[in-house]
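Below: the structure, in structure tokens.
First chain written, first letter: the chains are A, B, C and D, and each begins at residue 1.
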């Protein structure tokens, strides 16, 4: 069951714009700034003169789009998507936006999140004769809309949104309107901005900065926004609940220059580092962070402790989709891929190595060994999050529970497994206070499910919309 | 004249290996770690069973090589090359290694540097009937070798090396031997390592780390190394002169984890930052560096001054060869490409912005303006090198003298042009002392020509080898 | 309305095999021999170990399939399709076989023909919530099957087949069975053969010859054949009606080496030529045929009249999908594309030019002019079919009625329009007698609708299957 | 030695145009009509505003050139080339036109033929320091031109032409002029035409017809034509010798609609068939030809004997470079590739099978067996040429002498090997008289070397130009 749901998991980035003559180009730059959220595939759909046109492909934004393909996408409204590189699944047909044409109008869908009842909904829809084109959970929404007997398209969208469960941030483009929807718990970030008269929407605010747009506000949990020639209207498809925004966006996923729900990521991470320094200081000569997400944390840790911050680890910038993995034998001979230690920096030093998480432990063990081989005399590992003990069902591709090292071992056992001289995780309180949006505040909550197992939604059952309808 | 020479300019990375059954694969990983030295093209040639075989192409190493193409390159010896993205020139045929077959044996050439008399040599060779396949200065060496009447191939190579002038680091592979040559002044870095019984050679030592090889020593200026089944021999084609290694390798070109002529780059840059802090302190709230090369400098500056180091600027990681440049109108609307300011970090702050150089001034002006737009109240620019006043003829694609802002304006004038609140350059003494290989030491010198105009070689004349021969 | 239906029109070739370990390879050679039936796209789907896998693409069979793609298609059962190059429509998603996956099993569909009520069925299915992936009429069948509430898959297929009207030859592959169905009038050819223990099915028997298979029998109108591990069963989804096989298959569409419903095409065409010679002799020096379809006719005409047969027209063999059409100005300067006259053969001669049809008249006028320019003193046009006066709704992409020259002009008027010295069409009786399957024979009839306007099926209404269901 | 020379063998097609604004486009259509002369690669070079620009690639003309690549080739002068698909050699760099740039001007070369002393010339040039870019014999000419010390470019070309031996038809384009040269024996066809004010030159006249140009005259053996802004001049680089035009051009190589040295190919072949009928009649029911080259011959044979001509063999039109060859096991199961028998035509018949040559005998044996399997009761093989007993050194890729079946076996032995009921070859007299340019006519001779071993040039020695020069 977990494996099946996992198959649909994905973390992604979405971008939309309404009312600008260079809609496709701006979506290209917006997606480009969201590239860290997904490198498997990218796509753009534009609305132009009563039709939807799109282009998508496997690879990076710059691999999928060339000048001619982009030029061909005329129109003043567009949505775009970058897709996370999942191990097993994938394939061209799952690259978004998904485009569904019919003789009465088309819809394009871009989605970030994970629908926890997608499998069940799909089974029911298929039993009633629907044919699916993809293995993506996103397609379920299109079928629910098309099956709805509600009188207007907006009502059909609203009805469909009441059937899906889990975490979702949807952009839906028709020939005439742009719909924006965020799930009732607001797991994923989604912000609204303006660029002159145009409206923009994006998973992260860095996409606004890159195109020169101005941030306006967050999309609210349970909100349905409709943008058209008449401007922007806000409605609700579900009552507002306390927000459960994903902690991992702050810890490692979002870009340092983004503000997620109003909080700057670099600053949040630096605060995590400072708090970590107070909770778990170390006797050491240098502090180094695992690039890219832990650089800010390490700087904060160094600043708080006074230990110098150094570049002890280098990330190779060009490891992409087409990188040829070294064979097992070459790996054993010492061929490194993504990360190299800086021998000239760490040799003979006691090193504090700051990272954002330990999932299975294999990566941490490898980095610790790498630092020792490069001459580090001690390696003290500091993690800027509590131990991950439970899988995520809301769009972060962590792992099944069996694979999570922290669900089976104590901190001391993990220390031994990864070979560190000392190991410390940030406390839950430390996490909440450093980020500054404590759990108890109404409407400004934060999802801690992967640390606690307290899932904000019911993940064991799936609502059965069509049996009721029939 | 300058323009013509400039046409041949290129900064590149080279890698070679002898005596390992996975020669091509290891070259792939080696080149991959040298990717920052050139993104326009890449190639590998292997020697196998008495023939040379190669594959090359335009683009990144990971774009040029796929699993099948790499698997097809059998053999225990290989050389590889990554090529710098020059504006005008380029084209498939100039991608290296260049491979020249004849009925009596083949040679493959990989070159990093610039031959200052290439144009003249080529004119003379063509007048005598030679046909060139490329517009690269590297090809001149092949023709000089083939024209030589010396009795052995090694003598032919040596004779050819005496005709070429300028900066060069050559790898030359035949069916039986690997030749390694560095120009008499040693402008470019070139190191020798071992991987088990195999020999490796690379532009930077990071290539050794990535494949698990051990650093042995530098190639000496004027040295010709021949590696074959009988092992490695060292000879000279020119007397040793004081080394004039390129300062820019330390300042911005090499990777932070490389040691160039024994000095770690990250440490050298951090020292540049500390020295810069002493020479030109600033009243400010935060220090930020222009990524990637100035990060280490900024950390040093922050450490010395006690001003916190922050991520005030973000570099977009995925701007490559196929990135679609924004149109002029989009650029004016604020679309950014490579660099974004982190609004949440710089807003309301007095910022020290550390960079490695000012060439034409346009980039600096843009970054300063970007920081102000993002809310910086003051911007103090600190440069970790002296003003660049003279063009480079040794392989760094700076600019013609007319374009160099520091050749025409005072520091105060430049400050006004770039719109900074204050501006300071590192002194020449500061540069030499921070890096730690002062000019006066015999054999450990450093080229300062772009700061001083004192070129270590005669760049105005070209020796005419063939008239003498005829 | 006509235009809409026309949009779905297509002439194609289909091939299937069951029970041979090289199923995909044999399908490749089979499709290759059917390439004349469609050059726009090609595809193969195989059943292997409980799943369907496929590969398809735009272009010729040899462009779509390479060794690796073909090798990857393991399995002992396969169906394949070549698609006709329709002007407006097309696109990758319409290339067949269409593959529809669901959580309870997959189906692949390959279709030759045209469903005359596809538009109406699609409208009704969409109104009930179905989402279509293509603009092909073939997809309608998949939705009808999935919507059926019949208890077994076979019954679902049968029910679906009763809803569709028009001309169709379907191959349907599941993980466990191969279904073969021909419409109740048998408009399109479809034959069954054996290759050792394996079953094969193809649009034309030339596909059997090319793989060394033996012809067994025709698929009967209204027959549903199911091939599985238990062998081959024959059922009916509709009562047998007199066959209305398409006359155009004999006249120009099928390959000369195929037997269509038992009659060899080359022999049939030669008989058409002989009959034409008797009905419309000419005073002339040479007989020439428009390649390729009229070569056999011209040989028959020459044999009957004793006038020598010559190669007066040459077809350029390499005009494919990627051929660059000459600009209007180059065409006016005399640049020819597909057909060239042989000046050395026709100069100074009275020429009988044999062709298979006159649709809009423009091609005939061009060829007549071409022959005159090359020096022909007289050009006598002889057509091996009656005048085409009505559009085809059964899969031949003729034209709308307004475009058909013979629906508006007399033979004499057409002669003047095309600029011939004389013009004659074969009579309907001549056509039937020459081919040898006269209209009055029960079960061996022939569709003459494009010559007579007597359509064997009702083409004006569309059955509404789902209203009954609701 | 033979093998080495063979490596350089090639049959090709060349096309040139001077003085038309659509030079590249017209070259595209010209090459397209010459596609039968070479399918391995194609290329075009244009002269425009003082520079040469080109595009070339592996594959058919329509695969190599797309609209954009063709549009980019501006200029009023162009040369083009299609290259024969040789088994072993090949590769992108050998695709012509070859383009050699230098700082004093560029030259592009397109060549049809074979230089019999290329190996020796290349050895000498390399010994003197020349570096070759290709393994094509054509490149030798470029080096000879560049090495020449003659005062003008024209004199340099003339001098170079005196060094090369064998069969050659050269087009040479510079920024200012188009040079056309034919070897002193005129082995290969080469014709001049006009298109308005423009000059055109092509291997076959069918290229003129396809672009609407008018045939003017043949290029004469030993002639050097120079076309420039001042018009066309004719000079000689060698005295005229009796023409030895290749017999195989008439027998199987040229297109039926071409005139080669004034004689129409279809007519010549029909005459070969008539003569063959007189020399070797047969008791049979049908005559069939092996497509494409023997169709005309078979028609002539049928006309002379009165036996009906039928399509007994079908050639699959789409067997190209990317066709996947059937595995040995599939071939044994009866999978056919290029040729299929027409069962409905040959079953129960005594068949005369006309072909143009028997080289190794394997193809003939396969076709005879194929016809028998399809039901032919007798198979009488008639060959429209004398037995090939000697290899060709002038550009036809026959075989080494050891492989030629007719060099080792009598006609009766060959009949048994191929399994025919009877076998006859045309006589040498029959060949000459049917084509109509008997050997004894001065200046209108014909090369019969492959039938007789009497080579018009000395093929055992190679002139050594450079030793003499030095």
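Note that contacts are C-beta pairs under 8 Å (C-beta built on N, C-alpha and C of every residue); 3 or more make two chains touch, one makes a residue touch a chain.
Molecules present, by chain and UniProt name: A, B, C, D = Amidophosphoribosyltransferase.
Please read these numbers as outputs of a predicted model, since none were measured by experiment.
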**Request:** Using the contact definition stated above, find the chains touching both chain A and chain D.
**Result:** B, C
**Chain of greatest Cα-centre distance to chain C** = B
**Asked** Which pair, C-D or A-C, has more C-beta contacts?
**Response** C-D
**Asked** Any idea how many Å lie between the Cα centroids of chain B and chain C?
**Response** 63
**Message:** Report the inter-centroid distance (CA atoms only) between chain A and chain C in whole Å.
**Reply:** 51
**Complete:** Cα centroid separation, chain C vs chain D, in Å, comes to 37
**Complete:** Check: chain D positions touching at least 2 other chains come out as none
**Request:** Any two chains that touch count here, so list every such pair.
**Result:** A-B, A-C, B-D, C-D
**Asked** Which of the residues in chain C end up touching chain D in this complex?
**Response** 22, 25-26, 28-29, 32-33, 35-36, 60-63, 65-67, 70, 195-196, 206, 209-213, 255-257, 259, 264-267, 270, 295-296, 299, 303, 308-311, 314, 316-320, 322-324, 326-327, 329-330, 333-336, 340-345
**Prompt:** In their shared complex, at which residues does chain D touch chain B?
**Reply:** 100-104, 122-123, 126, 129-133, 135, 142-143, 146-148
